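We just call them A, B and C in the order they show up, numbering each chain from 1.
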Amino acid sequence: MSGIDREIICIVCPTGCRIRVRGANQQKLTVGGNECKRGEEYALKEITDPRRTLITTVRIDHGSLKRLPVRTNREIPKESIFPCMEVINRARVEAPVQIGQVIIPDILGTGADVVATRSMGVPPRA
Amino acid sequence: MFEVAIIGAGVIGTLIARELSRFKADVALLDKSNDVAGGSTKANSGIIHAGYDAEPGTSKARFNILGNPLFDVLCEQLDVRFDRIGSLVVAFSRSERETVEQLYRRGIQNGVAGLRIIEREELLSLEPNLDEAAVCALHAPQAGIVDPWEIAVAAAENAADNGVEVIFNFPVEAIERDNGWFRLIGPAGEIRARRLINCAGVFADRIHEMVSPPSFSIIARKGQYFVLDKAAGQLVNHVIFQCPTRAGKGVLVTRSVHGNLLVGPDAQEIEDREDLATTRERLDFVRRSAGKISKRIPFGEVIRSFSGLRATPNTKDFIIQECEEVPGFFDAAGIESPGLTAAPAIARYLRELLAEVVGGLEERKGFDPRRRRVIRFMDLPEGRKNELIRKDPRFGRIICRCEQVTEGEIVDAIHRKVGARTLDGVKKRVRPGMGRCQGGFCGPQVLEILARELGKDATAIVKNEVDSYILTGATKCCGDRERSVRTNPLAEQKAEYHGQG
Amino acid sequence: MDRVEIVVIGGGPAGMAAAVAAREAGLENVLLIERDRELGGILQQCIHNGFGLHRFKEDLTGPEFSERYIHRMGELNIPVKLDTTVLEITGNREVLYINAAEGVRTVAAGAIVLAMGCRERSRGAINIPGSRPAGVFTAGTAQRLINMEGYMVGKRVMMLGTGDIGLIMARRLTLEGAKVIAVLARKPYPGGLMRNVAQCLYDYDIPLLLRHTIVEIVGKDRVTGVLVAETDQNSRPIPGSEELYECDTVILSVGLIPENELSLSAGVKLDPHTGGPIVDETRQTSVPGIYACGNVVYVHDLVDFVVEESEIAARGAAGFVLGSEGGEAETVEGEGRGSDDRKDAPVHVLPGGGLKYVVPQRIRGINGEDPLDLFLRVKRVYGRSFIEVRYGGDVLKRVKRLRLNPGEMERLRLNKSEMERINEVDLIVEAVEVGG
């Protein structure tokens, strides 16, 4: 199996360094082109175990809006993104909701909770 | 079953419908579109011409002269905006002076009052933004500006209030004769009427063909326009025309009745009578041609461009008559410029023609030519505004910030007869979406209000025609198992770079 | 007539931060007016993260960032009028507003802070020819419909514009089940940050077509496709290069315009380079007692810098209210230093070569103690370069940069000693590329 030689764009901060990761295998990787240590960590993780924060909305009943914005409270593996979207899309939440409230704990066994990113109340009846 | 069916709910058809609603006869007003003013009426210059341009002795001249003075009363009755700002046909060279003088003489011959030729000094003091090359101009104080949509909407509402049945989404595909009746056949059903009035605009010859070989044909001529922000509205004080050529009146510059600046139209014969696309080449032409009038047109303030089709008759004149071969079938066809100006006179003439031909159509009691007053909230004095908000708090919510339109006005526009049922329908009637943000902020709110007031799901609301859906559904309704997220970094991505400049 | 010390117009992050700062500066009587049903402004629909990295040292979503301020507004008991639109600001700092509960009312303000944000450039404003079917949306409108109302706008999407809003929406649409066929940029580089190109486009295999643009929209009642052309070195479409892409939706992310209708009604002078008011270092506009902050002044990249600016404006407004008892403070107008020998005439700061704009456009307190930050944006991408601040023929300051990008605001600090040297003429700020 040939070695690893990839260029990625770091997404940790707005600079977006182009980082080159090389190595014979996943255990022996070198990183270049990053302007900081966080970039190096990101680049290595991106090759070995790429993860993202998933941010979307979930259906909410009786709230001031029909959708509640949510996020995973830690990064999940990239391949879990669409499977997690399916789970979130089937969910329904009841207002009122507090910011940070857990909507779906440990989604698909990723260890990440899906949490509300805002509070949403029940609007007074007109 | 109707005494009269009018095919086409543009400004001609709606005004005729209104005239006929004076009578006890059952009248139907049909259109293939989902709302009134779906064709030429939607996209023209909105100018009420003084009447010096049309050839003397033609129907164009006759109905222009008859129509122009009717607008004050008409617009008061229909409660639509009308502004007699006057027009100037400007000569930008000595040779063009001759054309101006010719138009002046023609105007006198046609019976236009108040015409004057004004010289450069006075001209430039009236219109300081005109190009330096301006030599003189024909001033016609009788000319004015109007919103043609508003007229059609108001006339349709007034007609419906007076008993006319308005039927949308009824394209007439065939017309059959059956024992003194006309059977109008559409995809969803059929309508019977004793008499037909053909106001089908760009398709008038096709409609006529369904009953008899037409003595005329219609050529569609497209005209493209720019609409500029209200900040540019003060550039000119009159409707400014260039000298006309064989192609027509040419690109003009005018304030619109709402305060925007309107620049256009060009004129282009086209084959496809459904082609309403604007094009880069023709818009560039409009811009260059407008430059002859003024170099100060702030094209950076363009908020929108659009195009419309004129129904140009090969006979070069209006065709307003009963069909000889098929009694009971009336044409009001080939209504291109000065069609809008002529419209109320044409409507009156057809009413008289019908009454005479049919032999005494009985007048209805209770006919009211006045439409219920429209609330233009921002134009009301402050005391009235507050009174209104106390009665109906929806007038206290501004939905369209650019044009300052309240929820109360939108709700009213929806619930009137022949009211708004679509996003463009709201735009036509009360203006959200016409402003500088072009519906960016108010669009979602208008959508919501339409859904609520009509008792429909928001996903069922359309922009204008029935197939012009806006939303494809709710979110959270589908998952796509095919979807995946790329897990390999940059090197394998499929983006195309075309050099780094 | 009601009187308040400060009226803040706009309840997004700019307005909320200004109201909070004004109260914290000691003003009791602060009122915030917002036209939407809730506070938060555009952040309510910006459900993605990346906000607050500077201000809170946390990676927050838009709603999370805004809730911090909503909470603080509540703690400080700052009165808010929601669902209320300001119709006009008159010459005496009287604010005419309307809402369902009160009707049309006027409130007199000691000082006003303008925080109305910006609107999106529409299809009409950039003149894409073609038919005018349903299915053409600006990215922000689509964002509102999807994130707040819960509706999908299309199934097969072509997007024009690679600013951050567009990139974020390309991802959002994809997550909610649409197919984004391609994202186009007229220029040879994307408008937004590369990190967003990576996490929004590359992650989802969405093709990025640089040097392409939409030259026509096709479709009778609903979009059926777009004609895409390549662009030349002047970003103009190359005739003959057109290709039809079938789609049912067009999303436009082609720029933001500060929303200054109300500013104009108040007589505030605008800078044609920014589209926003001409302001001095305290963010006072050309009208005494009217201040401005946030996207209404110029389009900011990060909300963290917006709230920083709001705090400056709020302090300025508070100073105006507490300092002048009816006296009119010197405003930003008047001849520039170059043509006015008065020591207290404002310095004019002008964008020179390569610069789209620089803010603040005026400096009044050139003899002050505090350093002054200039914020600038370049017109195109620069490699190794320096930013130069000149006065008369002399260079006041020169800073090196590895790269300059129109998508990223640059900040330049002038310290007291540097400002002391400016006593005669106007300042010109320029970007210069280093050869080789």
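Quick notes
By our rule, a contact is a pair of C-beta atoms (placed from the backbone, for glycine too) under 8 Å apart; a residue touches a chain by one contact, two chains touch by 3 or more.
In this text, all values refer to a predicted model and were calculated from it rather than measured experimentally.
Put simply, the chain nearest the middle, going by average C-alpha positions, is C. Note on interfaces A-C and A-B: more C-beta pairs are in contact across A-C. Averaged Cα coordinates give subunit B a centre that lies 37 Å from the centre of subunit C. Rounded to whole angstrom, the centroid-to-centroid distance between subunit A and subunit C, based on C-alpha atoms, equals 27 Å.
If you average the Cα atoms of subunit A and of subunit B, the two centres end up 51 Å apart.
Contacts with at least two other chains are made by residues 146, 149-150, 176, 198, 202-203 of subunit C.
Residue positions of subunit B with contacts to 2 or more other chains are 475-480, 483, 485-486, 489-490. Within subunit A, the positions touching two or more other chains are listed as 8-9, 52, 57, 59, 67, 78, 81, 85. Contacts from subunit C toward subunit A in the complex involve residues 37-38, 44, 47-49, 53, 61, 63-64, 66-67, 146-150, 172, 175-176, 193-195, 197-199, 202-203, 301-302, 408.
Taken in their complex, subunit A has these residues touching subunit C: 8-16, 18, 52-57, 59, 64-67, 69, 71, 78, 81, 85, 99, 117-119. Those residues of subunit B that touch subunit A in the complex are listed here as 475-481, 483-491. Those residues of subunit C that touch subunit B in the shared complex are 35, 83, 85, 87, 98-104, 119-120, 122-125, 127, 129-135, 138, 140-141, 144-146, 149-155, 174, 176-177, 187-189, 198, 201-205, 207-212, 215-216, 218, 220-222, 230, 233, 248, 261, 381.
If you check the complex, the residues on subunit A that touch subunit B are 5-9, 21, 46-47, 50, 52, 57-59, 67, 78-79, 81-82, 85-86, 88-90.
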